[in-house]
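Below is one structure, written out as structure tokens; the observations come after it.
Just so it is clear, A, B, C and D label the chains in written order, and each chain counts residues from 1 on its own.
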Amino acid sequence: MNNANNIIPLFVIIPLLGAFLISLIGKFVKRIWVDILSGVSCFLLLSLSIFGLNILRNSASPVLVYKVGGWAVPFGICMVLDGLSGLMLLTVNIVAFFVSVYSINYMEKYTDKPKFYTLFMLMLTGMNGLVITGDLFNLFVFLEIASIASYALVAFGTEAEELEASFKYAIMGSVASSFIFVGIAFLYGFTSTLNMADIARVLSTKPGLWLTPFVAVLFLMGFGLKAALVPFHAWLPDAHPSAPASISAMLSGVLIKTLGIYALVRVFFNIIGMTGAYSSVLMFLGAISMLVGVILALSQWDLKRLLAYHSISQVGYIILGFGLATPLGILGGLFHLFNHSIFKSLLFLNSGAIDYATGTRNLQEMSGLGKKMPVTANTNLIASMSIAGIPPFNGFFSKLIIILACIEKGHIGYALAAVIGSILTLASFMKVQKYAFLGELKEKYRNIKEAPSMMKFAMIVLAVICVLGGLMLLPGLKFLLINAMDVLLQGRGYADTVLGIAAK
Amino acid sequence: MVVSNSKTGMSLIVKTITRLTVGLILLFGIYIILHGHLSPGGGFAGGVIIALSFVHLMLAFGKDVAVAKISQNVASNLESLGALMFLSIALLGFLGGSFFLNVLNKGMPFRLFSAGTIPLSNIAIGLKVGVGLVAIFLVLVILEGAENKK
Amino acid sequence: MELHLLLIFMLLAAIVALEAKDLLSSVIAVGAAGFALCLAFLILKAPDLAITQLVVEILCLIILIRATIRKDLPLAIEGRWVFNTISTLVFIAVFLFFAWTALKELPDFGDPIMGVAKKYLEEGVTKTGAVNLVTAVILDFRAYDTLGEATVLFTSVIGIMAILRRPGRKNKGGRDGG
Amino acid sequence: MSIYLLCLALFCVGLYGVLRKRNLVKIIIGLAIIEYSVNLFFVLLGYRFRGRAPIDAQTQDILNMVDPLPQALVLTSIVIGLGVTALIISLAIRIYEKYGTFDVTRIKRLKG
């Protein structure tokens, strides 16, 4: 087993070790050590994901397969690191590192910080494990780890509203997991193997006439609920606002992407194989999510609920991009996925900074905070510009690619819907900017001060990534997106590459 | 055993029976864990049985006995220790080449010390599951106590 | 044949559990369904699962009763949500119909295609040394699953401790002061 | 085939319970029923007629054993079900403490 492959399991071992150590030493040691341990392990993960991408770039084969326990592929569990999972790992670990740095200060308002960091590391374990696994049941187990950690984190503040939101989220999440589990059971009954590549190989030899569409619908319902697509989005507007700000940044930023969109895309493109029917269903759901999310967001006065509704509409953009199943559409979807997790987590971190300073989330109560909180105001401005799709920022480019892909494929209606959605997003974020930061300062917020240093650091760096991401200036981002796009375009060819490399 | 004042816990009959059966349940749980690779059951089932023996004790003798037996953070520390033990068994596999490799020799089947790292993993999981579920129950009991005071 | 009986019994127990007016009786009915499931595992030649299901079932019941009995619970009043009922029933009918069509393509009950499992059966004892093949699969062939599994339980224990801790926030946030 | 349909019917009863009921504890019970039916469905897929429990004994031969893989997965799924159900019950206890009722309609402080 050459050593280049050995880094793949580290993506799960490091956060797991971090979680167990934090929960072990949490009570005996001073608070600062817990922050250091969590920050170091997140930084290690970030550098590991960048290092992993370099290995992927200059490695001979496009896919790295790691056989856990030394067993041959269909018998044991294998971990697969290819373009798509590389991109997802990079996104998850960037956002996780800055959120972990941010919550060093933000979590002072909550009791029992070691438990928060343990659950945070466990959620990170679940997401990293889900992205790199090559086994369908393993994907379900890590999905459960990330979901249970997020149920507990949403209810971390133990206020009445948060408990109810977390209960609703937990119930809908468990129903979605049981749909996914029934789907896995059907696939196992039909193909009698659990390895994703092996299932794709068997499905291509004997396609189930009625079984494959049924399993596709089950997975669409299960993963669609985790990704908050429109018919299943009811939990998101309650769960995200009531979670602590750093957790709602993680939830909106990466959790609905890895648990929902990544799993949906991996199953539909690489295992079941994308056909015309599935792509039109996905495009339709994406378009509806886009419009419903942004229309509902217009009438919101609670800042975090407004951001949560925008998450639904931006997820709609990404699903629309993937639903097109054309090279340009997939590229747009992937790029928007990366951009959205950056600027949406930045927006939630800003709302957390406002909540930290003023204690309120209601737009009507705030005004003129820009004078007292310049850093938060500017980063919020950058993030609002990029989510609304203003040219120099990254949101514009990814939305442009999706709209061009819609036109290229001849779906003018969807392209129009994307443009309207973008305009409405701009309108509602202008409202946020005006009410929160412009205007004169209210009396009771006379003496509020800027967010503490760690929070400012996280927000500034994320804003810089927003700007750099726009012109694809980030080194290697272009290569990464093209590589991830090829993984999806080869569809069920994924099975031959993985099985080929695993056989060596 | 803490002398059983009649106020807390259930009636005397239940207490005397509990005194007899708790040891047996605990022993049965340990047997299930140790023989995980030979007979049905294993780390999970054995761990839950051990947790049930403590729950049995707690129900019969009231919650002050239980809190005296294991305090909450001792339970959660033991649990993270069990989890670390299982993870270190997994990392042991790195010596032999890959993550979860069963490095120890396999020995003769049908013998107690036979299946390499499997009995060790069973013990680690049994400890973790058992103590974790006892911690859950302690938290539920303590919460209820606080609720009555309110 | 006896599987059909057990399943019908579980269906009845489930319906009683949902429709019973008093919460405690519905908890007991769901317990009965769980024990019937444990019997079904025995019939399906899965002793490992029977033990685990029995023991987990007992623990779940104790926690559920802990949640329901200590409270002076009014009878569960039933509201009429007509639209909700109709949409749920329509969804269930559609789900069952498509499940029936998909089930026709699965190998029929009793002779599964033993693709990967054939190797586990033949080489399980020699390769892993464990006589109980289910434990061999859990702790050696697919040990990574069990690591995830132990983490799931660890997460839920830490999560429950985080939820049930007394003071949620240090200073009561000005928001809703709840 | 009919055994599978009965199992999925149990799944639908649980689903009906979760979507339709208004009492928190009834929703949790519906969830438990869904867990039972899903686990049973997976084990049913692995059953062989005249099969034997997958525990090797010196005497019997290996060939007609039941499929051990679904049993390993369902063991994991049962413990996941325990973890999720315990978490949701502790949420319900805390909600009862704050709201004083288990009824969903009276807990509606959120505009969901």
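As a convention for this text, a contact is a pair of C-beta atoms (placed from the backbone, for glycine too) under 8 Å apart; a residue touches a chain by one contact, two chains touch by 3 or more.
The model shown is predicted, which means the values in this text are computed figures rather than measured ones.
State the chain with the largest centre-to-centre distance from chain B, centres being mean CA positions.
Farthest chain from chain B, going by C-alpha centroids: A.
When contacts are scored as defined above, which chain pair ends up with more C-beta pairs, C-D or A-C?
By number of C-beta pairs in contact, C-D is the larger.
Counting in whole Å, what is the centre-to-centre distance of chain C and chain D, each centre being its mean C-alpha position?
Centres of chain C and chain D (C-alpha means) sit 2 Å apart.
Which whole number of Å gives the spacing of the CA centres of chain A and chain D?
So the centre of chain A lies 28 Å away from the centre of chain D.
Using mean CA coordinates as chain centres, what's the chain B-chain D distance in Å?
Using C-alpha averages as centres, the distance is 23 Å.
For chain A, what residues touch not just one other chain but two or more?
16, 20, 23, 68-69, 137, 141, 144, 148, 151-152, 155, 158, 160-161, 163, 166, 189, 194
Would you give the residues of chain B that are in contact with at least 2 other chains, written as numbers and ranges?
Counting only residues that touch two or more other chains, chain B contributes 39-40, 42, 44, 76, 80, 83, 87, 99-100, 102, 109-110, 129, 136, 139-140, 143.
When you check chain C against every other chain, which residues touch at least two of them?
Each of 47-48, 52, 56, 59, 63, 66, 99, 104, 106, 112, 114, 116-117, 120, 125, 131-132, 134, 136, 138, 140, 142-149, 151-156, 158-161, 163-164, 178 in chain C touches at least two other chains.
Indicate which of the five shapes (line, ring, star, complete, other) describes how the chains touch one another.
Its topology is that of a complete graph.
Which of the residues in chain D come into contact with chain C in the complex?
Listed in rising order, the residues are 1-10, 12-17, 19-23, 25-26, 28-30, 32-33, 36, 39-40, 43-49, 51-56, 62-63, 65-69, 71-76, 78-87, 89-94, 96, 98, 102-103, 105.
Give the list of chain C residues in touch with chain B in this complex.
Residues of chain C touching chain B: 47-48, 50-52, 55-56, 58-59, 62-63, 66, 70, 125, 127-132, 134-136, 138-140, 143-144, 146-147, 149-151, 153-154, 156-158, 160-161, 164, 166.
Over in the complex, which chain B residues touch chain C? Could you list them?
Listed in rising order, the residues of chain B that touch chain C are 32, 36-45, 48-49, 51-52, 55, 59, 72, 76, 79-80, 83, 86-87, 90, 99-100, 102, 106-107, 109-110, 114-118, 121-122, 125, 128-129, 132-133, 135-137, 139-140, 143-144, 146.
Over in the complex, which chain B residues touch chain A? Could you list them?
73, 76-77, 80-81, 83-84, 87, 91, 93-94, 96-102
Can you tell me which positions in chain A touch chain D when the two form their complex?
Listed in rising order, the residues of chain A that touch chain D are 137, 141, 144, 148, 151-152, 155, 158, 160-161, 163-168, 170-171, 174-175, 177-178, 181-182, 185, 188-189, 194, 234-235, 237-238.
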